[in-house]
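In order of appearance the chains are A, B, C and D, and numbering begins at 1 in each one.
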């Protein structure tokens, strides 16, 4: 058996614990050697549950640990810049949860630090590792639908996040937080975006106005090659987590997505009913595992990352341009951001 | 415009009124010239509603009407023999609603009378005129699934008929009444049946035992060419009218049927729901119209019928053999009926 | 039987012949008394095939015919104004195929003429008579999805029209020709539209640039009540006619539309395949029949029309604003048109 | 973290390697301590790939290993009796792959040995651990469909096994090998079976006649409570692995199963197509993992098995009765086996 990659995990919030559990139990090529969290009790409790040899309170200490070859960073977005820059300096391979940053400047600093250090840097966008999105990518690249002329996608959450998270200063707001995935896919399937136009509103949860966020938006895209795009975002898909994308070409179309989680149909006098996808962990569990495995495998093999900092920067620029358009009421050229 | 065919309709029960409305409004090649019903008020009322020139109380009088070129017989099954034999003698083209008869002897008499008179005789099995069943027939005959090796079908009613209709002496019982359609399709797609074996029970409506009928049955078929078949019959598909058939071949399979009547999906916190097919008129309206048009067109064109008395006789023999198997508990050879 | 309504049909192009056939064969309450077409051979040939008593070359002669109580106008859009104004003056009930006109001024003249004459005036938008769109309307109005916050719809043709029809001067172009249906539905489900923004391009059929039309577009809508909308239009859905609409509310969502025309599934080593909806006549046949029946029934009953000239005017204004936005690159306020 | 259960695996054929990989990588509560295979090279190679500390040639040696607390037996069916009896004597917890045995006598000996030794004994039927089958079980037990009156299921392989495996002396033949799963489900949902009747034939692969096996069968079931059942088995579902079950009740029905593996739809001029489920590992991967986890968890917790030897014995008796019916041509009472 090949030697395992020693991985350290920084940040044990909701997503951090998910990544930690996967690293501990579902990535045969990795050994989860250490976890770090500002709350030392959280780190110790997680370490005990998953047999993690070392736990740290500070990410600096984890980065100083010479045994660790790669780090997975799942801290809050506002700290990404500091931790990634530190990790790059330490020479370790870096995996960073999306979004890269709330500002273009922050993202550029991070990318520069990674380049200076010459380290491996993977930006997480797990949809690219989902079986459906991957199969569609292959079909599009193989010419199965001819020339793509339109990209449409849907990201709808079953409920709104806690209000503190809705604050655009913390999360970037609906468009940056949710739309990042769709903007990344748009670029992956179609190429670079030229202009965006956004409309949106606080239509389902009036209380979100108190923190300055919206709960529904539609963002139109015009690509460099003149192809068209539209992204729907919503926080009130009360019927379940609704994630889809369609690529429309001159010779056909591909629809990605599904709604039924469990393969049973109930047929009663009330109609024919099936369940729905509850939320993102049910929808993308396999994709998250595939992505972290891909990171470990690539670092171990010495190849480059599947998704780069430059990719994340472009998705961020589209988000920021869309927010600008929402405020100004007019289309915004990406080049201006 | 070609001359219209003068058609007389005999029997204005539930199905008779349906056929009458179609003949009056949806079959351009036909003129509904006369209707007959034992209840003269029913005939007059229907005639007035649909502008039918003549109404009769006795089928004899309608058959004596020289203007009428073709008759559609929708009387109760127990009277089919008398009316069809009379109609054949009158020299008119005949359309007879299924099932042909409750007895093999009755069916043979009818076929003999038709042959003696040399008249056109169509036996109604509307599923053969449904877009799905027709498309499947073409695919099977074109070899799209290779050699058919199995036929499975489902006929499930949303509720039981009135008890008086359940009486096997009136309707033939579950197997003869519902199964006739499936047995006709089995022969259409697969060829002749060699042996049948039936199991069944009064499982959902205990009160049906008082008239001696069952409400659920499974009938296995072995075809002359050794292919296999299974038919499911039920009176308690409370979720809607469930009619399906699958043909399984060496190179593929065809599934026929659908469940959603109206093209909308409801997506709420309770799940994703659609409506269902209420009953046979919603499922087979187009097939009934297509069948009666086919009858009119073929009579007008002077060609032979799409479905013959011999077809109906074979479906009846399978029904009777299945009933025999249900009683005896052992497989029954069709040749013995 | 109630007396039949004597209907005259003006215009025997493709859609005119469809309406004519329905009036002759599928609308029991109507008698197709006369047809008029500039090409007298076309009128005579149609009249002969469908037993229409009278044929005219000029719509004036048909309008002078005192037997005729109602007229169905299916001439080219550029002639709607003249024919509708003449028909209104003649005092007959009027059914006018969409779109009402290519200009707001034209539409306003027609509405004024109808009001002066006090005649019945129905503007055709057949989707409102489709079982799916109707069921959704009832659900929305019953509150089944709470407050609607977003409307999204798709209209995709399987191929482009002949180039001469693509000329915006003849058809209004992609947005006015196809989008009219979606804009009418948007108003029906959601209320009035405040602003629109359109992006589009000639992406699949370069030859359409020669006549100045586009083949793909996305139009965003902001409604008066701040709800959001997006309409996708395309001429290159090579997989079939793709017509859908979703209404998204605070308590659920409704999806309208379907893709499989014939109820069979083919399952072979190549995958599981079904057919598609070929084009609008297959998708909306029942809706066209229901709409023309509704017109005849309402005229006969003396009630008002289901869809008014004012409805058609609003859909036209949205179309024109969207075209303006496409040219200017900025959102356009409907009030400005 | 709780102490891990030391597990030994006996038999490294196709399924053995699958179980081994799951135990090594996906069952956090287990430590795969040893593997045994008659071919010592296979054991060493697997042990090296998955870091298994010890490898054995003889199952006796593995059973003598005091470190091992539980064994997973995936040897060929004909050896189940010897290995299970030995394992029981060794006092270890036992997991045995289905089917339990080819003979009732063999199964009874195994059960007796397990009872004498008082060891934990789980019989593998992974469908009971599939999300769909589990959700259906809960719905049925909760009364969501009223009283179950019919059970129908489908097991169709995409191709036939190698001829040597088709030999009924090795595998039990189509009915015992494939049907065991369906018969187990039938009992789980509906209760005990009273009589069976089977029809079958070698219809798709004539070469299977040389080893005496059939490739298609339909088995009817009558349950003790008079409910009805039908199982379809086939080796020629060339479109993919087709595994379904329906439970039909007095108040509704549940359909279990699905056909699309990857969540994309291809829409081209050839129609709308999706992929299919390739084979059992794609369909039941999660169920296999859940089952082996359940075994490890229950052994560790000291509770009883989810599926017992008695369950496996009953499924075997139904299989043998069905084979008897196939030969005799008449229904067979289970009590006679």
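One rule holds for everything that comes next: a residue touches a chain if its C-beta (ideal position, glycine included) is under 8 Å from a C-beta of that chain, and two chains touch if they have at least 3 such contacts.
Remember, it's a predicted structure, so these values are computed and weren't measured experimentally.
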From chain B, the most remote chain by mean C-alpha position: A
A-C or C-D, whichever has more C-beta pairs in contact: A-C
Intercentroid distance (Cα basis), chain C paired with chain B, Å: 39
Distance between chain centroids, defined by C-alpha means - chain C, chain D (Å): 57
Inter-chain centre distance, chain A versus chain C - centres from mean C-alpha coordinates, in Å: 42
Shared interface positions of chain D, touching two or more other chains: 237-239, 251-253, 260, 266-269, 275
Of all residues in chain A, those that touch chain D in their complex: 1, 24-26, 28, 48-51, 130-132, 135-136, 139, 144-145, 251-258, 260-269, 275
Complex interface listing, chain C residues touching chain D: 237-240, 259-260, 266-276
Chain D - residues contacting chain B, complex: 147, 149-150, 152, 197, 199-201, 203-204, 216-218, 220, 222, 226-230, 232, 234, 236-239, 248, 250-253, 329-331
